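Heads up, the next two complexes both have chain A, just with different partners, chain B and then chain C.
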Partner chain A sequence: MELLDVFYSILTISNILFLCLGVIGGMIGGALPGISPSMTIALLLPMSLYLPTSNAIMLLIGAYQGAMYGGSISAILINTPGTASAAATAFDGYEMARQGKTGKAIGMSLAASCSGGFIASIMLIILAKHLALVSLKFGPAEYFGIMLFALTLIAGVCGDNLLKGLMAATLGLLLATVGMDPVVGTERLTFGLFNLYDGFSMLSVFIGVFALSEILVQLRTPGKDLDTTPEILDYRQDRLTFKEYWSQKWNILISGIIGCFIGILPGLGGSTASFIAYAEAKRRSKTPEKFGTGIIDGVAAAESANNGVCGGALIPMLALGIPGDVVTAILIGAFVAQGIKPGPLLFTQNLKDVYAIYFGLILSIIALFIIGMLALRFIAKIVSIKKSILFPCVFMLCVVGTYSARGNLFDCLMMILFGLFGYFLRRHKFQIAPFIIAYILGPEVELNYRLALRISDMNYLTFIQKPISLFFIVFTVLFVVFSVFKKKVFKQWVSKGTN
Partner chain B sequence: MLKLKSVVVGVVILALFLGIGLLGTRIEANEYPSKPIEMVVPYAPGGGTHIAAEILVPGAEEFLGQPLQISTKPGAGGAIGATYVAKSKPDGYTLLYTTLSLAIAPYLGKVGYNIDDFVGIAQCSDVAAVIAVKADSPWDNAKDIQEWVKENPGKFSWAHPGVGSSLHIQGANAFFEMGVLKDTKDVPFKGTAPGVAAVLGGHVQAISTFLPAIAENVKAKQLKVIGVGGPSRLPELPEVKTFQEQGYPAMLTSWRGVFASKNTPPEILKKLEMSFAQIISSDPYKERSVKLGEPLVYKNMSEFTSMLRRDSQAMETLLKNMGLYKQ
Partner chain C sequence: MLSENNRDLQASFFFLFVSLLSFPLIFSFIEGGQMAEVSPFFWPIMAASLMLLFSVVSLSKEMKQGERIELKGLVLSLAASKKQYIFLVLALIYIQSMEFFGFLLSSMVSLPVFLFYFGSRKKGLNLVISVVFVGVVFYCFSVFFKISFPKWNL
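And now, the complex of A and B:
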């Protein structure tokens, strides 16, 4: 059995050691705002060049899984998503932490991350070649269809005030247009500042709107609230029970599959996946109004999806040599330097390497679970720090994190402006979620819409001539019509308007 | 007794610190470099340019006498990092490692530097772009494409990884030389990966890319290469002709190399030129660049600087024809 041979050859002490090292490094990198999963891998890359092949694979794959989970730690603890893919986790995770359920939130995040990663790995192992071919069916028109559908999910996260939600979403779309036009290269709304040439750095928006605005809101709380030690639940009460985990089984499964599928499509990544999964979980939920107030479903959906991306993104990389996201793009470089050449020939010529990567993935999930469990108790303690001490630290972390992403002080300035902007939104009860989702998805919708038209020579029918894009557009329309009637939001809205 | 001991220890430590301090200042006064040198890579960490810069690091301490510290400052097609270096103190402690984009960006919009602000220290590599199509498509060479596009204007689209990227310019250069640039459509995807997928899936007809990104797909006969930019064929594809050989001299290549501010003192520039030449010709560097598939092409300071000026001028005509020129 070749499979068993590979398995035994993988199971060496040094491999396990590097795997754990990768997972720990990834968790730390992911948790630190400003160090994205791709940067974590990029930092480990020079080191991996000098390691034997199997050690290098273990190190990098471990770091990939670890970083995807690590982002949720800071999202939950201090409302600062360490990575863009953890932004959706912050919606409910941070609220849970505020209610003293930090242990549950982080435990759920860990369990969902591992489960999502596992689901996607299984999909990778069984269906890699078929799914890779599916990804080729998606051109700009098809991407536009799927993105359009994702955009309508915003309506679902608007909460009780649809109008304010849509205004927040429009602001998100507007801010996303800043920077160079993606198709013809003219500058838009840059006011001649070349620092805005690429638009706002995504991290400055995230950190400002989530973390800094939260600090500002909290500073308004009167009295000694900031200077008292927050109560936290006893460790035994605050742990995730199996029953709670099992109640999320369908949520985790569906979110993991969504994550895997988004991972397969090159160019999209963890943040898109976790938002779609989050919105989809909310749509499915019997208590959608509880999303955003600290519900465990929200954390489970987002985290299962973003670890699902890992397995998904490896599919086109291994089967076609096309990286599915930014991190796998870097992984390809590392693999090539190790003499592994991901591509259509890998499965026929170097099956051993493929197996090694499969085992690496599965083992990395196990390692992530064990290390995450051990670290959980200590991580959860951070919440018990007095806010008067915690907040200044978080603020410094915000500034340093924003700076480190691009090494550009301009981004820090923008982060502070977005902090004020987020504060304004919160004070006036605009929801953050539609703003962030529109900001992430807007550029994708625009780029693919325009590319599809460019390719088809300005033929607007292209969107309904292609079956996949037609399917998504019809689905979108049905979805909108259905939800308007079902929820009677529309009627309420109209009656409010006429009164 | 105890007190005396601690006083003595204290004095010794103080003396040591002072001694080290004095030693430090003396070196600084006499010799460059006396502290780590920052090398700015204006691209995202983990990308091709960053990795290519990273392999210079191990040799730095041996030949330069100080470590090279790489900092990535991505954004605006390399313009943000380049501007940072142009505005830094010209003392040889802030260098730039970049690509052909250094010459492109000033024409595309406002940047905070002039091409003349930089001198080249050492060219490290030279990568030719290729144009590739799906293996089962009807075109086998540049002439086939040229004729087809003339008959079907507006129907031929080709992918590249972003407006103003060096692959955009190199691809446009090839179609410009074929005389069909205005009848083709360039499709700026977000990076090379979605572009390759779009060609494989038949959504666009061709892609302008570097060979390593598609090498495996070419081997597996999913894609075929139409022509190679630059003066010479690729060692991996000896049978594929350059565009020049096919009668369309598309000569732009994407070089990578080290730059410094032109106001850097000449003796420091000399030291840098010498040290980088040593690093690049060292065996470990050669080994690593082979492993990465980076074609090793070295040019010294005067050659590299004049190449920068020449490419910058060539860019003007090309970008005007592409409708991208904005100055």
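And now, the complex of A and C:
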């Protein structure tokens, strides 16, 4: 009965209005490079303080879901991930847009985001307390195990030439070390430049390697061809069909669960979840070689996982009062200001507010779906703009987005450098993915490795003594051995067939 | 133009060069060194060593297949990317100019140049797009997202 009372109290016009406002604001914030989900929530926070509790919850949760989806819009349309978690979406999403399947790509991104968010919401509602206890069992050694497994997935995205992928990945690992040492706080490879104390801005790397390199590649096209209106499929032909969505049901389910699980672990975030889900989907696929060429499987996996993180990150936040990421850290502040104190007592003292958050999550997914579907036709039209106009505007947006992150023109200069590097990689037929994955995951692997050793007083056996860490390390080794064995068997089979 | 395999050779040389350059830079520009396994040196040295290993393996593989550096091909390939380099120089000038002329003026002057460079020949349309697009971006980011853009500094 209490549940129903809360549900009916949530379903008011003002709540629905603020929910829609949050979703729209989140989508716009997520789509704009430089405006992260955390910044979007932070900007809405002052408004939420003057609102009644239920309105504030609807606004912020709507913005969270909207922002996680919004990053995929720019990733698909202009190969510029609006958020770090949308980087994996760009691999297949942008290729689909280039093939004239923009509507399908954005449609699948929306459907997968909503589905992944819904899966995580159900897991949150049913398992919040139990899953929160799991997150407490993860220490540096366990984090190292899971991140090492994630790093080995680089091998899966290297394409045909593993060596090239590994060279790019090691450069990503090296460049990620620039800045302050995460354990002892000394300078590393900053060359005395104050602007490098925090390392390279992640947006400089993403926008440079993805978007700017694409612009440079497009410059190989003669100006006359860039100035023609591109032919795009009729909207009706370019729509995602239910059959296509349903064909991805297991992919979406597994990726959503991965996203939720990763979201439970504080500090990992949407980008880790989307890369792990992408690589896992590729591993399970019957046609793994098609990943990266523009298939809906890649988009579905990445987007389901990154919206799955939303529900997952709320689990430790609500049950333990521990923020899973920057966004939930801001949400804790917002909830405390509204008189909701996240933590173990929340489920006994403020159960109605907990139910309100649950319903808010589910309603935000419905709102995201409806608003996303309405906006889809207009979003997809962006690719019908002439490239001679689109690319300069995109470049300007890239500069503004990169500048917005830290208010620093130095980051824009670094974006140019990474753009040149990305162009070099593409000209020499390297995959961008290994570099990006290593750049994002490398610092986490290093930090947890070093912390685990320090905590255990330099005992290397700590990684095998802890069962969760041992499990992931063994799984990693088996995965690598199996991948190499599978490739050898496949090559032998192909050569037999050719003979 | 470079052949496919020669491109791989060029790339391997690039990574070999970067990895060899990394070692003196790591030892010069990283502070702190006690407890080798957990010192700030460990991870950069590991990354640079792996990069060296993979680039040497890749180079030896290419050279075993008989590939050699084609200097003429390299020069022609660099010349083929002339358009890209010019764009990057224009981009650098644009970003640097923001420090002195501010975002609005630099962008409204640079965007028509970029539009023309990308092939849009309608000058009137280019000017309108520059003013409207830059204005909208400036308004949205400065009012809604409270971003403080570079201002006129002369």
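Basically, the second predicted complex is superposed on the first by the 486 of 499 C-alpha atoms of A that agree within 3 Å, B and C clash if a C-alpha of one lies under 4 Å from a C-alpha of the other, contacts with A are read in each partner's own complex, and residues count from 1 in each chain.
Rule of thumb we're sticking to: contacts are C-beta pairs under 8 Å (C-beta built on N, C-alpha and C of every residue); 3 or more make two chains touch, one makes a residue touch a chain.
Keep in mind that this is a model prediction, so the values were computed, not measured.
Three-chain overlay on chain A, with chain B and chain C fitting side by side and no clash.
Of the two partner chains placed by the overlay, only chain C lies in contact with A:419; chain B stays clear of it.
Contact with neither chain B nor chain C is seen for A:298 once the two complexes are overlaid on the shared chain. Of the two partner chains, chain C is the only one that A:428 touches; chain B does not reach it. By the document's definition of touching, neither partner reaches A:360: not chain B, not chain C. By the touch criterion defined above, A:103 lies against neither chain B nor chain C after alignment on the C-alpha atoms of chain A. Of the two partner chains, both chain B and chain C are touched by A:454.
In the overlay built on the shared chain, the residue A:266 is in contact with chain B alone; chain C does not reach it.
Residue contacts after overlaying the shared chain place A:30 against neither chain B nor chain C. Remark: in the superposition on chain A the angle formed at chain A by the CA centres of chain B and chain C amounts to 80 degrees, rounded in steps of 10. In the superposition on chain A, A:43 makes contact with both chain B and chain C. Note on the superposed arrangement: chain B and chain C approach each other to a least C-alpha distance of 6 Å. Looking at chain A, you'll find residues 39, 43, 181, 183-184, 187, 192, 407, 454 touch chain B in one structure and chain C in the other. Contacts from chain B toward chain A in the complex involve residues 44-48, 50-51, 54, 57, 71-77, 79-80, 83-84, 108-112, 154-155, 157, 162-164, 185, 187-191, 193-194, 196-198, 200-204, 212-217, 219-220, 222, 288, 291-293, 324. Chain A contributes residues 38-39, 41-43, 45-46, 49, 135-141, 180-185, 187, 192, 194-195, 197-198, 201, 266-267, 316, 320-324, 326, 329-330, 333, 336-337, 341-346, 406-408, 447, 451, 454-455, 457 to its touches with chain B in the complex. Looking at the complex, you find that chain A touches chain C at residues 29, 32, 35, 39, 43, 161, 163-164, 166-167, 170-171, 173-174, 177, 181, 183-184, 186-192, 215-216, 219-220, 222-227, 386-389, 391-393, 395-397, 399-400, 403-404, 407, 409, 412-413, 416, 419-420, 423-424, 427-430, 442, 446, 450, 453-454, 458. Residues of chain C touching chain A in their complex: 4, 7-8, 10-12, 14-15, 18-19, 22, 25-26, 29-32, 35, 37-40, 42-44, 46-48, 50-51, 54-55, 57-58, 61, 81, 83-84, 87-88, 91-92, 94-96, 98-99, 103, 107, 110-111, 114-115, 117-121, 129, 133-134, 137, 141, 144-150.
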